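In what follows, a single structure is set out as structure tokens and then discussed.
Order of writing sets the labels: A, B, C and D. Residues in every chain begin at 1.
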Amino acid sequence: MSITIEQAERISEAAKAKAAAIGVAMNIAIVDEGANLKSFHRMDDAWLGSVDISIKKAKTARYFDMATGEIGKLSQPGGPLYNIEHSNGGLISFPGGVLLKQDGKIVGAIGVSGGSVDQDHEVATAGAEAFTNG
Amino acid sequence: MSITIEQAERISEAAKAKAAAIGVAMNIAIVDEGANLKSFHRMDDAWLGSVDISIKKAKTARYFDMATGEIGKLSQPGGPLYNIEHSNGGLISFPGGVLLKQDGKIVGAIGVSGGSVDQDHEVATAGAEAFTNG
Amino acid sequence: MSITIEQAERISEAAKAKAAAIGVAMNIAIVDEGANLKSFHRMDDAWLGSVDISIKKAKTARYFDMATGEIGKLSQPGGPLYNIEHSNGGLISFPGGVLLKQDGKIVGAIGVSGGSVDQDHEVATAGAEAFTNG
Amino acid sequence: MSITIEQAERISEAAKAKAAAIGVAMNIAIVDEGANLKSFHRMDDAWLGSVDISIKKAKTARYFDMATGEIGKLSQPGGPLYNIEHSNGGLISFPGGVLLKQDGKIVGAIGVSGGSVDQDHEVATAGAEAFTNG
């Protein structure tokens, strides 16, 4: 059981709608159960540097099965996971990566980058909720 | 003048339709004028290793403004561009990367991977033609 | 619309003149709208390690459409973008990367490295202003 | 004794003049005695993928103190340096990288990419000869 391309497109559409509603151009990446890229969209005028960040956020969330912001709380200087970002070819540990769940089971993750981290998290959550409730 | 997300989605849809018509699950990547990723789709059951290959094909086509298969003809042992694949963090020089043109100007490229190289090229071309004629 | 080689050379000359005026040997990199390298100059006796830093500063500024020092304010321990530097093959988030604008539109960026970060920023700004006012 | 930025600029100008004369847009990179980048210019409309290739050609020439095409003769399947391109973060072993000599001593190298390998070599040689004779 993993995410289908149709599901990924529906999640991305929900995320894009939220991004448009709050007026921020976003990069939106979705990975499957195996943390492999399933889909990606860069909205017009979204930051070029956020292509890589959105993909890394989706992967980071699935790598550790938690929202990326949770990892960032643990990776600070003096924290238990200090500088974990050096692993896996580079992690992103600030908010914007959120798990995708189906019937309580993790089937992938969405990563969003392009605005403030609060906006990124809000848009990623909108995508994830459209999936869970869809 | 570069490709928009709506154009990228339309191109991807045309490519996916061709892939479905020939019965092969494909990875489809689109880059813009600056060779930066604009969109990506992995059809269900498409090869995982083709995620990276499709993206590299799209970038390679835009890097040198020609279809990827043309580069491969020149990069063989004894050829003038032997081992050019070692540049730019890794190129893919077999067919499946095709330029996207608007009013005769190059505005991006599409890379497809998942089938035989002939099938990859056929699907990429279907996407490119839908753009040119759209 | 992107930066031309003649514009890049004029910007570099202005930056070099400022660097000479303050007595510091600088590395000066310019990228275009797509964050691809357009020109680079290492002044005599400038730090070797600053070749890569100046290029990364120019790319970082264009990746997020802001001066590099602004990113560094947000990427500190406890900050919202902590360790963002792990993305995009390595970012540089201290001052010295400045956007290049033409008629209000971003067309590239300049990155400078070789002195203190204040000096780097001063020299990059001198280059950018010569472009805007040129 | 290494190459100065003024010398690098003079070499680049000679190379650009030759490129314009033969009607090809080129990427032109110059490295110093230590194989570290000294200057780089991407002419308007030159291939994006040739940024990296021109830099790698200049470095490859200086790494082994011979024109890049000479290395390519040895790196073919069955040859004594088969696949040497895997070293040093990626070499380019086809023509276009040429040594820069002063009073018979190697002080750097020039790498050119953007046309056929014969054109690349011709333009690199024009730059190198302007230096030797300058």
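Following the convention adopted for this analysis, a residue touches a chain if its C-beta (ideal position, glycine included) is under 8 Å from a C-beta of that chain, and two chains touch if they have at least 3 such contacts.
What you see is a predicted model; the values in this text were computed from it and never measured.
Undergrad: Quick one: chain B and chain C, Cα centre-to-centre, how many Å?
TA: The separation of the two C-alpha centroids amounts to 32 Å.
Undergrad: How far is the middle of chain B from the middle of chain D, if each middle is the mean of its Cα atoms, in Å?
TA: 29
Undergrad: Just give me the whole-number Å value for how far the CA centre of chain A lies from that of chain B.
TA: From the centre of chain A to the centre of chain B is 25 Å.
Undergrad: Please output the residue numbers of chain D that touch at least 2 other chains, ranges allowed.
TA: Residues 48 of chain D touch two or more partner chains.
Undergrad: Could you classify the connectivity of these chains, where an edge means two chains touch, as line, ring, star, complete or other?
TA: Contact map by chain: other.
Undergrad: If two chains touch, include that pair; go through all of them.
TA: Applying the touch rule to all chain pairs gives A-B, A-C, B-C, B-D, C-D.
Undergrad: Where on chain D does chain B make contact in their complex?
TA: 47-50, 52-53, 56, 72, 75-77, 83, 85-86, 90-95, 116-117
Undergrad: For a test of understanding, state which residues of chain C touch chain B in their complex under the given definition.
TA: 32-36
Undergrad: Using the touch rule from the top, collect the residues of chain C that touch chain D in their complex.
TA: Counting only chain C, the residues touching chain D are 4-5, 8-9, 34, 36-44, 48, 51.
Undergrad: Using the touch definition from the top, list the residues of chain B that touch chain D in their complex.
TA: 34-35, 60, 62-65, 77-78, 80-84, 86-89, 91
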